[in-house]
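Quick heads-up: structures coming right below.
Shared between the two complexes below is chain A, which pairs with chain B and chain C, respectively.
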Partner chain A sequence: MQNWDLKTILAKLDKGEISSTELVQYYLDRIKKTDVKLNSFISLRPKEEILKEAKEADKQRASGKVRKLTGVPIGLKDNFLAEGTRTTAASKVLDNFVAPYDATAVARLKNEGAIIIGKLNMDAWAHGSSGENSDYGPTRNPWHLDYTPGGSSSGPATAIAADLVPIATGTDTGGSIRLPAAFTGVVGIKPTYGRVSRYGTVAMASSTDSIGHFSKTVWDNAYILSITAGHDKYDATTSKVEVPPYHELLDKLDPKDLKVGIVKEFFDENIIDSVVLAKTEQAIKELEKKGATIKTVSIKNIERGLELYYILMSAEVASNLARYDGIRYGNDRTYFGQEAKRRIMLGTYVLSDVIPGKGLETTYAKVAMARGYLQQEFKKAFKEVDVLLTPVSPTLPFKLGSKTGDPLQMYMSDLLTVTFSIVGVPGLVVPIGTATNKENVKLPVGIQIIGPNFSETLLYQVGKLLEKPEILNEINLT
Partner chain B sequence: MQVSDKLIELLAKLSKLQLSDKERELYAAQLKEIIKYISKIKSFDTKGAKPVYHTNISELAPREDKQENARMLSKKKALANAKRVQDDQFVVDAIL
Partner chain C sequence: MTAVFDVKKLKEKYELVLGFEVHVELRTQSKMFCECPAWHFEVEPNTNVCPVCLGLPGALPVPNKQALEWTILLASALNCKINKYQQFDRKHYFYPDLPKGYQITQFYFPAGEHGYLEIDGEKIRIRRVHLEEDTGKLIHKDGVSMVNFNRSGVPLIEIVTEPDFKTPEQAKAFLKMLHLIVRYLGISDADLEKGSMRLEPNISVRLKGETKLPDYKVEVKNINSFNFAVKAIEYEFIRQAKLLEQGITPEQETRGFDPASGKTRAQRRKEVATDYRYLPDPDIPPIKFTDEEISKIIADRPELPYERLVRYLNMRIRKDAAMFLIFNKQIADGFDKLISKEKGLDANKFAVFLSNVPETKRNKSVEELLAEFKAKTQKDTLDKATVTKLVAEVMAENPKAVDDYKKGKQNAIQFLLGQFMRKIRRRVEVGPIVEEFRKQLSK
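Then we have the complex of A and B:
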């Protein structure tokens, strides 16, 4: 049963070739055997409860009551509230916090019959690019245990790649789904800002926080987004734009009608490692062979998104983390880890900083202007092309411990993902192959597909043309 | 720009964080470097641009200002995660 994707699982459950009980038992056994090494879960739900839900799902299936995910096991990043589960956001501040209600995304998955297996590891408060800021120890990359799986959604990405659950939820504020998806060879989407409700997730930077998903294939990912997306009266930023059945539209694109933009500023040997660049260019050539038109576009100042991001994110983090006082829930502020404290301090500085000679015009206000500028630039680009293709990370996955001493160097890992978060547009990452690093370690490479607001259908269609999910069979976890 | 002990002290106070001497020293060095990097923003030419605080704000609709019973927590649930509770109320340190 190893490495079944969700589509296969659903077909086998439908045909009665496997029961939900057997399925759940397989994943629990596999977690027990391999997660000692990987550390992708922070908490597992009690085995009896999981098996009871699986038995119930099998009964429902037998009686013909089938919902979209009846009896399918899923994992949740540990910043999603699911009633009755310990929810830490990987911080000791919330070490003993038990969620009193379900996040909207979780409720929607549960309503379709999904079974929650457990809560997945991450950088504490989703602050990080390597998973190493977790107060519960770093997650290891299933491709090679000395390497980071990327962050902040380190646990969800690893759990998919290592076949510990078929579907996992994630959050992406500056790249927290896309980077780990690329570093582990799985599919990850950061939908348009406002596409999926954030109600019941632990807030990081509210003006870019987005909810998305990890899966082995594009089809699986599209299927899950069609369940979680859509307006929610509990999150005023959610859009009323219609949610199409993404998974049913995957083959509706003729590549000959597709205009692909290559962002000039991001295809620079001074920024991107040559192996990553070569692999990305190869994928683009394959797309061209299928009939797509490839065009180089320029988005002025796109690379400056990183400085904007670290200003507005830290300001919003400082505000959002102000609520943790240890009175109503959780521990007090002495339990914050190094990175959270660093970002709170930086955000507090940013929010009180005044540009000399300009009165009360703060740095944060200047960022809002720059953000408006970048949005205009993107609008111009999307008049010329349908989607943009870029690498996800400037490098292949790096070794655990190699960047922890230098926060600025760690922040640079987000260079190719943050600008799209600031602008609010959706991004899909799919695996395009593997490459070997200087130490002769084989590691996965992903590609990032960016489109205008609410273009998820198109992103999945392009992703379907590019994905190579079979690379996951090359993982050797012994 | 210099990140002085006084500034670190002020930021910690505003952030309600208690820092050890070692942390103060570490953050002073790291923040100096990070602030230098992000200060480049001041030279960003934003001529002609309009400020953006939320990316698709035009579509947002406020909800009705009404009590929402469906998601109201019971007293028991609301107090379940608190460390100090007395007479069904949260206990806080004396302020005066």
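Then we have the complex of A and C:
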């Protein structure tokens, strides 16, 4: 395993130490060898096409025409449309659907010369926290094959940790980037809602869907976000706030100027496993040693986020899945899996209390109001501190199959991520080390850094202080 | 067994409760939420389409600013209160011509509310004016059903009235005026044949004197002319009154009008608001207008037909001629131009003249018509010498009439005048000639 991060790859390509052709060949070989076990890809693009693009990239490099990602292989979560690629969102409903256009994020990456290797596994429609809702089989955690890599972006996180691609895209609606990033020991960002265009990604819950990225390091992640972020005329919810060169600003923070908030409600032994808690507290201590001020803050009603999320999300899911009628493309609705059906029923129920003339009395409207209230609470908190630090998941990665029979238990995995999703603020997860569970299996631990809207620069700076990317070398995939 | 009803008695016993839903397709450049051309007539099927209006995975709607402004324009023309805060909502139902499984519409915060339109001195209240997207079109041919999505996502304004109409004729006058307003604003072709304007009466029937609204209503679709609207309403009134007479409450449903038979037929049961599961569309941020923005949109509004009518009536133009003019905008535009140019032109007489121009001559320019009007109405004045000479001649040729006049037969002068006219064969001012006759006859 060469385990090169993107920064290393770009340097090697620049210096001519490696060609793009060699690079893609390495990843294709590695996928062939290991992905039988991991199941992180749903579809790979034809090898000839990939090699042709790599050759073209090498030619461009030789002639001095270098873009930000010329010849760099990337993987896309299978809910990203990329022209000509099969795009299933891991559901048999879209088993035969070939995307006729590029998602904006994909177009921006291609525009900088990235080469798409294939489409990565996920919970069908991004519904899930373990990857087990995929109609194409679960993805296995490269740290231990009996364990879940987390979901819904199970494939992208696994592919980064197992060195199958250096960069992958993901979507995060309630934690779908952050949870698998923590469970596999990689870096994952859920940017501010509206920071990256959603156009061309299969919608889950439109009001919280966020497009983000997986990488081995903070620098890599910052570099990619500086490419995909920004206003898009095809997504009315994207922001016109300027996009800074995140990766160039990583060292511009003096830890002594940093005020870190510890969310009291999320450091509760009754909620969080002691190993996770201990690891998180250790990371915070290290940050304090570097000069940061640590302060405990309380956010009123933060624990209500989970219930608000499941009402809001299911309503939007039911609506967004209405278009899959099998008339224009794909298979009919009998092909929906159990989890999608469960959410469609829940959402349909939530939306069935519309009374004409009583606009603000529906369940959905009440939840929207509560959401506004929570946003105010967060604004208050960010007057006191610059960022919040929390664990990502209440537990270490759990065993495949251990929660599939109890959806409520599965939903609880999202407890520490969903609230930030409905508030819309950005969240970055970085690996902070490993821990051993009761069965003596070594597994990674991540930490979640939350900031106000459009504070991605700050999140990356703090992430840089906390990250331990070297833990990926401890993965032993035989 | 069919009961026999006396239609006259039904009309005495029951009254009509009638409101309208009118859809107007806008002729914006692009569709409501994407960049596809909005024009969809005589276009190869499924060529004006893109991921957005086909409802492909990942596609997102971005609202058309022009359509939003035109909706405000129409709402203001219908005297509505304009909502500064507008929002798009999803209305869910499954149908093959609805690619997303929901239609994007303005349910909670429509562009305009609480308006009215005055028809012959009576106010018809407008409940709401809102913007939405059109659906695709189903085509059933050779045993196959096909969908054409060229129309999918074309901007559509819906105008909903209160059930204020007393007669089908009043509804027809309202619809014609509404049609005219839309045409004056230039926001739609409003072609009933093509379906770019669609009329859907909501009809129910109650006992005369009853003030409560009936607890059902029947919506009638497929009406492509004002006269068919009248027919459909008349048919429904009798059909529903007959049911009520038998103690049956008519079904709440959507019916289709068949122009050939003049009858309506049940299509589907009408859904209620709850069934549509309205959801504020999370893909489209709420739209907020400032007072200044709204004022600016309305300030650019052209003169409306009812405003023009008032102006004409104030110019003392006869009402029928004024109505003719407002319904023939091109002629009225020419009329306005000439009236301001030609001093001394009798506006009322010219308007009446124009309203009497036969259909076959309507293609003439208003300038040409003015020339005809002048030729017909303006009279030559003969010079005094000619009058004197001709009067003398006429008198010499008609000694008997001269004699009669002198004996006291006053109306003999009319005969002489007639003879004078026959001689010149032109329209001339009569006054000076009569005076000359009197003068010479009294000699």
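Everything that follows uses one rule, which is that the second predicted complex is superposed on the first by the 469 of 478 C-alpha atoms of A that agree within 3 Å, B and C clash if a C-alpha of one lies under 4 Å from a C-alpha of the other, contacts with A are read in each partner's own complex, and residues count from 1 in each chain.
What we mean here is this: a contact is a pair of C-beta atoms (placed from the backbone, for glycine too) under 8 Å apart; a residue touches a chain by one contact, two chains touch by 3 or more.
Because the structure is a prediction, the values reported are computed rather than measured.
In the superposition on chain A, A:R198 contacts chain C only, with no contact to chain B. In the superposition on chain A, contact is made by A:A103 with chain C only, not with chain B. Residue contacts after overlaying the shared chain place A:R328 against chain B and chain C alike. When the two structures are aligned on the shared chain, A:K240 is found in touch with chain B, with no touch to chain C. Contact with chain B, but none with chain C, is seen for A:K341 once the two complexes are overlaid on the shared chain.
Shared-chain residue A:S207: touches chain B and chain C both. Chain A has more of its residues touched by B than by the other of chain B and chain C.
Contacts of A:M369 after superposition: chain B is touched, whereas chain C is not reached.
Judged by the touch definition given at the top, the superposed model places A:A89 against chain C, while chain B stays out of reach.
Legend: residue contacts after superposition of the two complexes on their common chain; A:L81 is shown touching chain C, with no touch to chain B.
Within chain A, the residues touched by chain B in the first complex and by chain C in the second are 97, 100-101, 207, 233-234, 236-237, 318, 322, 325, 327-329, 348, 352, 355, 365, 368.
Within the complex formed with chain A, the residues of chain B that make contact are 7-8, 11-12, 14-19, 23, 27, 30-31, 33-35, 37-38, 40-42, 44-46, 48-56, 59-63, 71, 73, 77-78, 80-84, 90, 92.
Taken in their complex, chain A has these residues touching chain B: 96-98, 100-101, 192-194, 207-208, 233-234, 236-237, 239-241, 301, 304, 307-308, 310-311, 318, 322, 325-331, 333-334, 336, 338, 341-342, 344-346, 348-350, 352, 355, 363, 365-373, 375-376, 407-408, 411, 422-424, 453. If you check the complex, the residues on chain C that touch chain A are 51, 54-63, 90, 92, 94, 96, 99-102, 108-109, 147, 273-274, 276-285. The residues of chain A lying in touch with chain C in their complex are 79, 81, 87, 89, 94, 97, 99-101, 103, 198-203, 205-207, 233-237, 315-316, 318-319, 321-325, 327-329, 348, 351-356, 359, 364-365, 368.
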